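Given below, in the form of structure tokens, are the structures.
Next come two complexes, and both contain chain A; in the first it sits with chain B, in the second with chain C.
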Partner chain A sequence: MSDYRILNTRAPRVDAFDKVTGKAKYTDDLSMPEMLFGAILHSPQAHARIVKVDTTEAKKLPGVKAVITSEDTEGIAFGVSPARYDEQIFASERVRYVGDEIAAVAAVTPEIARQALDLIKVEFEELPSVLDAHLAMDDEAEQLHERYKNNIVQQVHWDFGDVEAAQKEADVIRTDELTSKMQDAAFLEPQSALATYDQGYLTMYSSTQAPHYIQRTLAMALSLPLHKVRVVKPAVGGGFGPKAACSSMELATCLLAMKTGKPVKITFDREQVFLHSRARHQFFHKMTTGVRKDGTICFLEHEALLDGGAYCSFGIATVYYAGSLLGGPYRLENMKYDGYRVVTNKPACGAQRGHGAVIARACFEIQLDRIAEELNMDPVELRLKNVREAGETTCNELYLSSFGMKEALEAVRDSAAWKNKRDDQPDGKGIGAACGFFVSGAGYPIYYSKTPHCTVVTKLNEVGGGVIVESGAADIGQGSDTMLAMITAEVLGIPLSDVRVMSGDSDLAVDLGAYSSRTTLMTGTAAKEAAESVKAQILEVIADKTGASIDDLDVIDGEVINSKGDLNIEELRHDFRMEHRGFRGIVKSGNLTFNEAARVAFIDKGSIVGTGKYSPPKLGGSFKGAAVGTSPAFGCSAQIAEVDVNLDTGEVTVEKITGAHDCGFAINRTQVEGQMQGSMMMGMGEALMEEIKYDECGRVINANLAEYKIPTSLDMPPLESIIIESHEPNGPFGAKEVGEGGIMPTIPAILNAIYDATGVRINELPVTPERIRTALRKAGKVNK
Partner chain B sequence: MSIPPFEVLQPESLQEACELLGKHSSEGAAVLAGGTDILVDIRRPIIPEHLPRCSGCDPKTLMPRKAVEKPPAYMVALSRIPDLSGISEAKNGDISIGSMTTITQICESQLVREKLTALAEGGDNLGSPLVRNRGTLGGNICNARPAADALVPSVALGAQLELQSVNETRIVSVSDFVTGPGRTIRKADEVLSKVIFPALPEMSGSSCIKLANRKALEISVVNVAAVLTLDKAGKISQAKVALGSVAPTPVLAEKAAASLIGEKPSDDLFKEAGKTAAGECKPITDHRGSALYRVDMVGILVKNALQKALERAR
Partner chain C sequence: MIQFEYGCPGSLMETTSILRNNPEAVLLAGGTDILVRIKQGMIQPAMLVDIKSITELHGISSIEQNGLRIGALTTLTELVENDLIRNRCPVLSAAALSMACVQVRNRATIGGNVANASPAADTVPPLMAFDAELEIFADEDIKRVPIGEFFTAPGETVLQENEILTAILIPDTARKAHYIKHTLREAMDIAGVGVCVSRKTQGAPDPRVVLGAVAPTPIRVPAAEQFLSEGKIEEACAAAVDAARPIDDVRASASYRKDVIYPLVKRASYAVFAR
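Coming up: the complex of A and B.
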């Protein structure tokens, strides 16, 4: 189906063997001679002034090598957005959530480290805690940070087009609300960090998504030269966003290593994953949308309140994304947005798959179904009437260079037999559809910089043959190493097995990391450029040595081919054979192999290195906050969910999800489907069961995976994944994102299906059996 | 994961196990019978307990729940004791299940599926395959959680427990055995050796239904087990209904069961029985569900469980 040998296939992942056999090393698997074990003391109180921290007894415990508190950190502030550096490694003056870090210990065993924590005394002076996002903005509310008046970290006020005029054109105007809960990413591997400090060089191995940002934060916070800080990402068991920011645990691990001169490792317990969070915010959305009788969308007025817990983290971007990504995928020329991101005394929230946009998308897509009902229109038809096409620009100046939205929606409609099922379903069975829209790589880094977003260094093996791809990209399980290997092998015309990828190490190359669905488009482009450079350098030498024209030469299936006839390779082959007396398998006849060519090129030029980089073009409008939501390309997706609701108990069985996603071009078809299916699974969990629960003191009461529910294999329905390929001009071979966009339609598709099944609307996530039963009762639909 | 240190003792006879439990009772000795509950329950909370909590904090809501006040210094493992696992049917039809029989063994037993269907279904609902492979019937009963998946059907099926100590063997009914969440009348030096399910008459059937937010690895919002026996005329001659997660212990809905005796089974009858059962429980509101929803669901689940039991009795 394509002209490619390697791309667009279902090549097995390059890390599959190691992962499946257990050979892959994750950070917590690493050990070093004389390594110490760290432990962190977390605050038991949600909001309190720290009167005194006494570590005297802890320091005396035999086996304890260091105990550190805010006194050892020089009051350094850090965070995600440089304009909002509001975190400290250890709380110095006050704690702001149950889990805030107060001290850390390094000891010869984990058990001693834990015992040392039991010996640290802390005196608190309780402060009123703020646990409700709405109340947080009251003038009387206790203020968490001096700099955030009314506890507001960031507010956004946008007004695109002319909403007021559009209101007059609308025949139907509806206002709807949707509330979600804070959610956890539930990755398999809890965060872990191992730091060493040797002759002024700090090296940290960490289960991170973004070695580059971590490197910068470590250097800044620990006052070290950037070039003497190295961050290495071993195998990572999922990230989904919460591992994209530097944490105080990572900083504490480094500090302990610097203080003791020995390697130090800290690995989070699952409970700490929940306490640290940095996962999905809580969203309160209110949307008013107007449409004409024929279904044309006239305007959207959108208010959002985001509860982000105790610190800013990614919060600025989150509140911008919540507004900006409603600019697509529909023709919406008039859009007003007022967004507020507040702090409360709960674990800080950050980025999570579909950053900022997931609940806003759900609210809008649910509302579209309600509007369709009022118009007596098929909800899929309503959407098809409004979808944008490639070449259009949204009201907030996002340019859609490729856009298979219509194709995706039609594909799921036809594959799921939408019309038949929509019209003819027994009570309790329902079907619902929704669309989604997402960036394919953030247009700007999180700190102000004109840096390339990534570089790739591809080096030819000097002995002849394979290549090594060096990249800073973070394969966190999504398969970016495989993507880099496939692109390189395709460009060089060699087997996938001859490409070795080294990645996730800040010493190898620059890469902003695995977030905002950027790696395939950005790092993929850099890898393509680097491989092309290597190939050109080899062919240049071969052309020179054989007298052929470089324009006629190519590498196909591992052999150098001259399109204008035979290549004079006698002498080259002779030299190669002389070099390899005693070696087996040296070719005697046939075309010049890539191995031979590579060796010839090295002998002529020395080490052959190709480099590539990716810098996005200038993107976005000139309005405040225009940078967030920009991207060199946009992905889009549509899904149809089918549900069976038990009207007696409220239990929902999702029977099938049919999804279509426009990824531009599938570098690896299996991995594209894997990302789509992972998104559907995660979206289904967030729709039906996922919710961080707090008690009245701000403590997470379900800080484990027994009580925080995500779907099990028994909950998962068959998932159909349809790949749409719109050939993105800004992506490598036409490829763009699939990592996050696929989650966008899942929640609203399921909620729309539940409405179709039950006739009751539920405006609070997750939609648990109890919430459905309660809604049925209120609607008088419960049999007495 | 932070688990306080303990020593594992591995007796090779029941007598030795009882002696060890008695000998170490003052330092804290727990029975290890699969470990799927206790090893979770003794984990230390991440935030050390000596740190001052805020004034409004209720320590009871601390997660993970503190089922074990003081972590045991010894774990007495029953895995090396012969004859504690296995399922057998006596001549009189009583079915005896060794306390160390795993939940998987119970679920895979044709005898249990046929004659103690409610127990097999309760087992199906318990945890995940990994948990069922390790967890045991004795462990599930002695851990005494009000939602326990094997305990609730055992109550409905009228299970009798054989408890052995150094000097004595006694038989108690499972309903009398459990006195509160995590609390039983088991003495420090006693070991539950087997669970005896009295033979059910001909024309009997049983079922167990669980309501939860997902389909595996769940603690019930409500679970219900029902047992029905029909007479030759097709009327109900015996009935038992057990409710889980609605009180500190599993509850026998005696009024609901009594309302069925002598009646011809019908949907209306079962629906009324459900309502009666709903009046017999006093659930609490917690993070898994509100009291109101639980009472509501008892009515529905009792009706559904009775219908399933009836199909099997016929």
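Coming up: the complex of A and C.
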């Protein structure tokens, strides 16, 4: 175990009590005097020209305070990437998917607001809709946006190394494909926003992952000075990516508040969560990989098509990530990638856990198993032969400053008794392995900027004692507040209970938000720096007052310790006691406490504030798109899945998943395991169940959690979580990501296990019982 | 605000008189189905008649030699936990346990599950496999209808406007039965296919083969029953496949439903006929 007192333990989360008792306030729990309730009118058409929007009757309904449409928005365009601002708050000329926003209403009750929506008359002129990503690129296809020729939002063409030459060296060359479906992130808390507008200041409480980006978008779209826009994130019930971008709903809430002068709240119902989406794209991958007889990977040629629905959202980053993150974890010096991200008349897709890289990873890891089979090699051995180690740089210039890939793979291999089970299993039972690779924080912000990615302000309580950590970081359930408290307590040598974290508020500090698995490495570094500054300021005063050398002083378990002997504290203690006549529990003997030292320092210097920031070093190569995929560090993981397939019905039971993840260093061991297990659960759902289904008109037919199936607790097998600690030099105390990387191996591990169990390969996700039966039938393995 | 009148009668007589005077009224038992439909705007009943205060609709009792009378308002949780049910008709407990989640099972009733007439209702195949009868209060009178004659189409039954399902009767529980609910996940899921096979525990087996979710109503397959009584399991499975008329829906395709009937009937049959 480590030498740390607080870090690397299983300390309870700082928000556990509030969450468990129901005390925690989520956005929809908030209420204000005179608050109005908003509602949004969504398009029932997948693709249509708007001829006329008539709000006359809606405005007349008693209780309605405002009805707004595109006429109230001055044609503002917004989105995620500044180069692709293709969204409007309300559709003005045409709607592009079933769910596109047309108007919003504010009324004194939610019921009246909904009733008013029914009174808005919209006249449409139907347009041919484009629902198929392949057909979208045809020259004859209807264009969704004038700016996207052939409906292509972004294309990527990369060629690293010399694929042509490498083809000649390969002994085995295989081409494989994998297709997925659009996903829903299925977070528990539907999006909600509450806005107030008072004397030129706009405040929005929102269920968001990224207060900073929301703040910027609101200021830009609503023409307000940035400093007069404040975004506050109350408790959030999960995000997984779709809550990382500013939405029309958030903007509409603000517009309604500005128009009425009253607080306005809008909360999505579950169907709206599905319609708004911004979750995982649909991916079509085709990969050709060549290896030598000894298993050395020679090259990868990769084509990807991403169906992203009606708007760009995060799509540019998504299509880059789909290619760039195959650069690791293996030694792959020659890699060609052609990626296309198109728009179709479906809900817009964005980022979701493992952004862009999950299905590409699945396709590649499944292909590695097929190659291993052709080489008659153990698939784990094939991987071990190719994994990179710390200090290496990938062909697309990603530097691996720490890398426990080999350790992770060996750990799952040994823990799951891979060799025995692989060799000796009855029909229908199978075992499969896979690896994964992910960023630990995107190297660059979404908009061009040299801004620090985050700042932290740590302030000593002025009456003496604990500290307050002020951060813009967004704890969306992943536990970043606990991480900040633990790092601060560790640095200052005080108990965790003496640290209070205030976060998720754009007034407190800058933080790009909870996305791309950045918070522990980046905000953790800033928190460490801020706490170190506070500590140095206190010890400087104590050194001065006691005559000790600051280099000999430290705070341990809440007491100031002088490594060179006793500290002369008589006078300091006398003053402290005089100040606290009548107080109980004032220390009379022993070492100077942190509380005393803090008070002494305050009296001497006034407010003691430490600040920290994180700015990544310059990262990545100079080729086009080199920025996406860069990171100050990379996480990696390996998993082994064991399945039981009923060959008669195609039903799959996952019996166990053994996972190992290199998170650099576990700040909180329980939270690291929680992220690993959450990833495995989400991956299992995507592998076996999850699929947004559309009818022929582009309507989502399973826009609820009854028919969009994610695993329940009864579906989850035992999960073993092995923590690998490679001590990342760029992370606080050696820590790096665990939030997303853990999902990478899950889908391919399960699919490889299903192949081991059935002998049939399925190239379409999710692998439902029906798809297994169809594959078995095609392979002549169904007797009847 | 969704508005409707609310009645809370204390007796069956009172209920039928409310129903006579309010042809638009809808009965409210557990509400797990009807309230969801109202909130989704699928139905707008002018009046809800809450029958939960009517005592004779509650309770589970022993009838005849080893039969059961299960009050229509018996909750799914009671079916799971009640000793009489667990001892005499464990398959019904198992079917109830397979449904929804704890919170819904605490509210949802067996009467509601039967009277809603969903082709995928989980309590129905076990009840049909036990030759259950439905006790119906009509015109101040009580009549009995065999459950196999109760359903006419999805959501449709022989129940008349002022009739109330009061209890489910299982005259003879001396049967061994096995129900398989085929779903994508382990909880919060509706049967893609339901199969229940039963046999008498003494004397000739007199088997029952009932299929759910593969036809407009749950169906018995007499041909399969005949084969089973002759010990021909494979033929019985094939007969069940032939009898099914499934549809495509969001949960499964018709062809897949057909595909799994065979192995499911086989598995259920072995479970029941194994020594």
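Please note the rule applied: the second predicted complex is superposed on the first by the 784 of 784 C-alpha atoms of A that agree within 3 Å, B and C clash if a C-alpha of one lies under 4 Å from a C-alpha of the other, contacts with A are read in each partner's own complex, and residues count from 1 in each chain.
Everything that follows uses one rule, which is that a residue touches a chain if its C-beta (ideal position, glycine included) is under 8 Å from a C-beta of that chain, and two chains touch if they have at least 3 such contacts.
Quick caveat, the model's predicted, so the values are computed rather than measured.
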{"item": "Clash or fit, chain B versus chain C on superposed chain A", "value": "clash"}
{"item": "First, second, both or neither for A:284, with chain B first and chain C second", "value": "neither"}
{"item": "First (chain B), second (chain C), both or neither touched by A:769", "value": "both"}
{"item": "Partner chain in contact with A:697 - chain B first, chain C second, else both or neither", "value": "first"}
{"item": "Partner chain in contact with A:118 - chain B first, chain C second, else both or neither", "value": "first"}
{"item": "Which partner, chain B or chain C, touches more chain A residues", "value": "B"}
{"item": "Partner chain(s) touched by A:45 [first = chain B, second = chain C, both, neither]", "value": "first"}
{"item": "Chain B versus chain C as contact partner of A:649, first or second or both or neither", "value": "both"}
{"item": "Common interface residues of chain A - those touching chain B in one complex and chain C in the other", "value": "111, 648-649, 651, 688-689, 693, 701-702, 706-707, 709, 711-715, 768-770, 773"}
{"item": "Complex contacts: residues of chain B adjacent to chain A", "value": "1-2, 5, 40, 44-48, 50-58, 61-64, 128, 211, 213-219, 221, 287, 289-290, 293, 296-297, 300-301, 304"}
{"item": "Interfacial residue positions of chain A with respect to chain B in the complex", "value": "41-46, 48, 98-99, 110-111, 114, 117-118, 120-124, 126, 129, 269-272, 275, 648-649, 651, 688-689, 693, 695-697, 699-704, 706-707, 709, 711-715, 768-770, 773-774, 777"}
{"item": "Residue ranges of chain A in contact with chain C within the complex", "value": "109, 111, 646, 648-651, 688-689, 693, 701-702, 705-707, 709, 711-715, 768-770, 773, 784"}
{"item": "Of all residues in chain C, those that touch chain A in their complex", "value": "1-2, 182, 184-190, 250-253, 256, 259-260, 262-264, 266-267"}
